Each structure stands twice: as C-alpha cells, then as structure tokens.
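Two complexes are shown next, each including chain A; its partner changes from chain B in the first to chain C in the second.
The block that comes next holds the complex of A and B.
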C-alpha cells in the first residue's frame, strides 16, 4: 500500500464514520436545530465520498446545492419559526413508528440486494478521465437529455409557485379629493388572499 | 507553452539528491505550499487591516496609527495581541458547542479557497479542474456558520444578524456565479490557470475587462456583498443591530470572524485580478519583449524574474481592489435590507442572465475574440 492508497483508506473510514454519526444524530437528537446542522455534516461527508470517487464536480455541486442552498433554507425556516412547544404524545403512536420501520427496512432490503447483485468489477484498462466536467456535459446533452430537461421544467414550476406565493396585491385608495396629492398610507393594506375554490363564482369586492 | 518554474519538481529533486527516498521527499514537500499560503493569507490580513486604518484616516483627514512601528505598521499585530489576551466569554444560556463551532465554520472555507489561487503557471497549491467552482461552492458554507453563531448567541440582535447574513449571501451568490460563468464560457475551463492563460499573450489588451465590463461590475458588487463590506454590511449594521452575529463574541472567537472577513476580502480581490485583470500577466507581454531582445525562455534568471514579477503583479492588482473597497466604505452609505434584496434579485440577477446570453452570442459570432 503506497501513500495515496493509505490516505484514501483513512479518509474513507473517517468520512463514513462522520456520515453515519451525523445521520444518526439527525434522526435521534431532540433539538431540531442540532438535527439541521448535523444534516449539513451529512451532506459535506457525502461530498467528500464523491471526491474519493474522482467525481470532483459532483462533489462541489453537492456542497453548493445541498449545503449552501437546501440546508441554509432549512435552517432559515427553523430559525424564523423558532417556536418552543411541548408536543403532547400522540395516541397510537406505535402504528406510525411501525409503518416508518417497515418502510425503512424495506428500503434497506431493496438497496442491499441492489448492492449485492450489481457487479462492481472495474475493467482494468479504464482510460483515465481528464475532466469529469466535459463527460458530464456530453451525457447531459445526449443520452440524459430528457431527465435533464424534465428537471429544468420542475425547477421552473417551483419558481413560478414561489412567485405566486410571494406576490402581494396592495389595495390603493385611488379616490383622492381634487387639488390634493393622493396620500399613500404608511402601511399598504393588503388584498386578502382567497383561495379560488373558496371564493366561488362571486367576483372580488373590488 | 513553457511551464516556467516548477518548485515542486526542484524541491523534490534537491531532497532526493540529499539521499531521501522519493516518497519521503514528496511527503516533506506536501505541507510546504499549504503553510506558505496560510502565511500569505495571514500577512494579507495584516496588510489589509493596516491599509484599512491608514486609508480610512486619509479619507477623514486624520493621520491614523503612527507610533506602533514605522507608519503604524504594527497596529494589526497590536490588535491581534489584544484579542489574544482578552477573556473568552460564553454568554449565559448560550449554546456553548454551536457558539464555538460557528466562527470556525466561517473561517475554514475561506482559507480552503486559497487552494486554487494562482500566482504563476505552477505557483498554486493545486490546479484543480473545477477551480473557481470550488471557491463558489466553499463560499456557500459560510452562511451556515453565521446562522449557527447567530442562533447560539442567545441574543435577538445576533439572530437577526445571522439571518440577514444568510439571506444576503445566498442571494448574491447567484449573480456572482453568473458573472463567473460568463468568464468560464470564454476560457472553456473552470481552472484558474486556464482562465489566466486565455487572457495572456496581448498584455493589457487581452484582459477580460474589455470583453466583460458588465461582468466585472456584477462580480465586484456581488463580491462586496459576499464579504459584507460597507455598502452591504447589513449583517453587522452597528446602528441597527449592535454588531449582528458578532455581538456576543470576544477574544479569539471574535478574532476568527475578523480574520475571516479580511481573508475573504483579499481572496475576492485576488479573484477579481485573476478573472478580469489577467492574473499574473504584466500589462506589457513580457515573453514577446524577451524574445525580441533575444532572451531565451528557458534562461534561469529570466524565469526567476518572471516568477517574481508575476507574484508582485497579482498582489498589486489585488491590493488595488482592496484599496477600492476601503475607499467605497467611506464613500457609499449602507443600503437598506429591502433595497439590498431588490438589487440582488431584481437587478443583478436579470443583468447577469443578459450578460451570459450576450457572451454566448458573441462567442458564437466572434469565436476568435471570445474563445470559440
């Protein structure tokens, strides 16, 4: 075993330990803020594993998207809604727990059989990849074109949804008396949001 | 293309000649560039702090630090000593663990980003193929540290500051990335070395400023916002929220934030120099001048001189932008939080997209000038 292999083995062990530990922490800790921060640890460990697999671009993208965007948004949401609440125990909680356990065990069995059945033999004379970026790009625009475009449509839908949720319509008092500048109130009254299904056929009051 | 000086090769050869096996020689070499870069970064902080004091003083017609060393050069060292001896306080009911991890999480990614900062053809720690993208990815970790320290301080001003910092850095990351993407599109590579090489050859005329003026403005505004420098220092806004997420920190933990902010400023200035001002390239194409004078490219003295000029040029360009940032601090008033977010999402983002589209069009139309 030379230097590079030793470093790889030790890094893999450390990253795996970090990832499993952090993931257990996410699930088991009571404090939701700790869980959210540990989730960031899980994502960073995963990006380290990608790095060990020579997928440098995927690893950086993992950090950028999952740590920099997803995890920050989760933390944001938690901290804006920092409500300390004692949750009352739900009756028949064992049903939920049992269901969750069933799903988890099933998923684990599925992934386990996949890992066991896949032939992991690497062909010996694999050409060394110079830039993973170029190969990724070629795949995106040839055989993975449809998933790539579908993902972009999904993101567009999310974007439109966010705009719809964030848009506010202000009700302005447009009946200013003659000769006066129309006074804008300091706080703009907001038009109440009514779901379309509830408001029925009657037109809005204005 | 002549590779210039390769320090790694030379050091390993020297060590091997001294009788060390090649593996051990490589092991001895490994930490050297990292330590050198750390020292460079810390010296950059010292210079930055000193410049900040001197230029602020000049902007306000004061003298600034004068007696601590010649021209007050040792003022940053005095700052550091003071912070080192201060009591390390953890406020009551604060979350001690998160309170300690927070500053470290802010500083570490900034130092890691120095991995890809080149000062010459072979003068960087690692020429990664993802280059600038690594910097963008790493800079997105910092908001987590800010949120963590804001939350753990058990102080409403800290929490507000942390939330503001996170909101600011995730909204300005997008125009930053779009500006970088336009440059990357022209050089066909994310590697910082390739980006600089694409600009070399014609001296000052080949630099990306002329091809990406809008991109430069976008990048500079977004970089200032990422560094939380004054038109955009809302997370700290003294008049509104005491000192934001730093309110409860003292001693070395505060020093980590302080160092982190200046290292980040130096890093951003270095990246402006690399992406838009030709990195280590001199305004006059020195290689051509040398070949006109009949100096061979493999001449050892020529190579050493070129390397030295490269390092000095990079630093000079970077420090020009640090100067600009400090001057901006005393010229421009702070924006409001809604103005900040409006500027980021409603102005910089569309401009960035338009710039990207324009670059793509120009690249297709004039492949010789825009890197076909």
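The block that comes next holds the complex of A and C.
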C-alpha cells in the first residue's frame, strides 16, 4: 500500500472507530433490524482495514460474501421470524449481564496486555507483495489444494443441510388436484406438525 | 508500530462478540455475534500475514477458508433457527432448552 503514513493512520483511526461503534450497536441495540444493518457497517469497515493490510482480494471477498450474502441472509431470517415478542423478564438478569461484561473486559485486558508486552519480531523491511491474487492462486492450487477441495465439499454439505433443515413438508394430494380450484391459490397445504411443548406451559416432568 | 494496533482492534471486536454471544436473547443476534468473532480472527490473521509474512501471504489463504466456513455456518445456523421457530414459535434463547436436562 503506497499511501503516506499520515493518510494510513487517519484512515485506520476512522475505520477502527466506525467498526467498534457499529459492533457495539450490533450488540447493544434493542431493535434487531438496526443491528443487522449495523452489522453490514462492521463488515464494510473491516474490508477497509483489509485494504490497509495489503489484502485486496480478501477485502473484495469480504464485501461480496459478508455484505452480499451473510448480511442479506440474516436480514431474510429476521424478516421470516417477524415476531414482535416482548421477552418475558428473567429474574436477576443483570447479574448475568454484569458477569458477561466482566468476563469480556477481563479477556480484553488479558489479551491486550499480551499483545502490548510481546516483542513481535518484525522481519527486515521487505516490501509486501503487490500481486496477491497470483500468490493466492498458487497457494490454493499447490500446497493448500486439499483444504480448498474440502471447502467445496463443505459448502455443498452446508447447502444441502440448510435446505433439508429449513424445508417445510407439504402435503401433496394428487387425487383431488385436477379439476378443483384450490381455495388459497398461493398457499400449499402444509403437513400439520406436532409442536414441541414449551417448557413453561405444559412440561410433563420436572 | 502498527501491528499492535490491529491486534488490539481484533481483541476488542472479539470481546464485543463474546459479550453479545452470552447476553443476547434473540437467536439471530447470537449468530451476528458469532460473525463478529470470526471477523476478529480474520483481522488477526491478515495483520500477521502482512507484517510477518509479507512475501508468501499464507494468512490470507487461511482468511479465505475462514470466510468460507463462516458462510456455511451462517446458512446452517439460520436454517436451524427457522426450524426451531416453526416448532416452538419463539426465538427467545431462554426458552430453548431442548438439549438441556
């Protein structure tokens, strides 16, 4: 990255501020739609940080996959689960929140001191490579060939698994479907599912 | 030195992700927190790849693999959440005690 030092510092500060602020918004806001859109902001800021780290291909992949696929998938899930439910209050919830905050801050302090105190040995000032795409392609097809192929199998498994898990089971009645007009044209008859009993209402034991 | 700054930023993002993972009650927000943590790991990998291994960038290879796994995880996780929502009619994490006791 041949930018001046000051430009890099200022853009790093801006991107870091955007990222931390949006991430706090994702975690702390009440409305989950705002959280989903702020998650897109986090991903875009992270892709800017990748550009500062000389990773142009990963930056483009970050925007394409995270913002274009994962974030849209999460928005779809939010709108499919469009239930405005007020969560029933759980007693002594602030203890859990306080404990979680304590654990997070403690972990941050621990890892932060580790990062600051470790003397990282930066090797001699070799210029970072500019042809990242070529080197990445050589890695993918020579010494990382097996994980690359395994990743394709994993994606296929995730695809099939997501379809199987999220599918509704429809009742297909083939004898009465020829001459009759179905009363609800945009709905398929769905097989009645036996709902699992909610824990608080009708639990048989305990 | 800039490596420390990137590492500290990744640590902060990871801790925010852990806090959201523990405290959120909406199941979709739990998935978002997991995505935040995966992105923190990616920042770490790319920072080390740039500053310590600038010639043969192996960290970027691992980052691409992590992005792949994260996409698969998001798809399967959201399918599981949809399936649970159809069965139990809620997304409250406090009521998901299928695997408990």
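Quick notes on this structure:
The rule is simple: the second predicted complex is superposed on the first by the 121 of 206 C-alpha atoms of A that agree within 3 Å, B and C clash if a C-alpha of one lies under 4 Å from a C-alpha of the other, contacts with A are read in each partner's own complex, and residues count from 1 in each chain.
Methods note: contacts are C-beta pairs under 8 Å (C-beta built on N, C-alpha and C of every residue); 3 or more make two chains touch, one makes a residue touch a chain.
From a predicted model like this one, the values you see are computed outputs, not experimental measurements.
In the superposition on chain A, no contact is made by A:7 with either chain B or chain C. Of the two partner chains placed by superposition, A:95 touches none, neither chain B nor chain C. Of the two partner chains placed around the shared chain by superposition, chain B and chain C are both touched by A:80. Judged by the touch definition given at the top, the superposed model places A:69 against both chain B and chain C. By the touch criterion defined above, A:61 lies against chain B and chain C together after alignment on the C-alpha atoms of chain A. Contacts of A:40 after superposition on the shared chain: chain B is touched, whereas chain C is not. Counting the residues of chain A touched by each of chain B and chain C gives the higher count for C. Contact with chain C, but none with chain B, is seen for A:50 once the two complexes are overlaid on the shared chain. Of the two partner chains placed by the overlay, chain B and chain C both lie in contact with A:132.
Chain A uses residues 57, 61, 69, 76, 80, 132 to touch chain B in one structure and chain C in the other.
Those residues of chain A that touch chain B in the shared complex are 2-3, 33, 37, 40, 44, 56-57, 60-61, 63-64, 67-69, 71-72, 75-76, 79-80, 130-133. On the chain C side of its complex with chain A, the touching residues are 1-9, 11-20, 22-26, 28-29, 31-33, 35-36, 39, 42-43, 46-47, 49-52, 54-58, 60-61, 63-65, 67-76, 78-83, 85-92, 94-95, 97-98, 101.
Interface of chain A with chain C (complex): residues 8, 12, 16, 19-20, 23-24, 26-27, 32, 35-36, 39, 42-43, 46, 49-50, 53-55, 57-58, 61-62, 65-66, 69-70, 73-74, 76-78, 80-81, 83, 85, 87-88, 90, 96-97, 100-101, 103-105, 107-108, 111-112, 115-116, 120-123, 126-129, 132, 135-136, 139-140, 144, 147, 151, 154-155, 157-159, 161-163, 165-166, 168, 193, 195-196, 198-200, 206. By the touch criterion given at the top, residues 23, 26-27, 98, 128-130, 133-134, 136-138, 140-141, 143-144, 147-148, 150-151, 159, 162-163, 166-167, 170, 173, 190 of chain B touch chain A in their complex.
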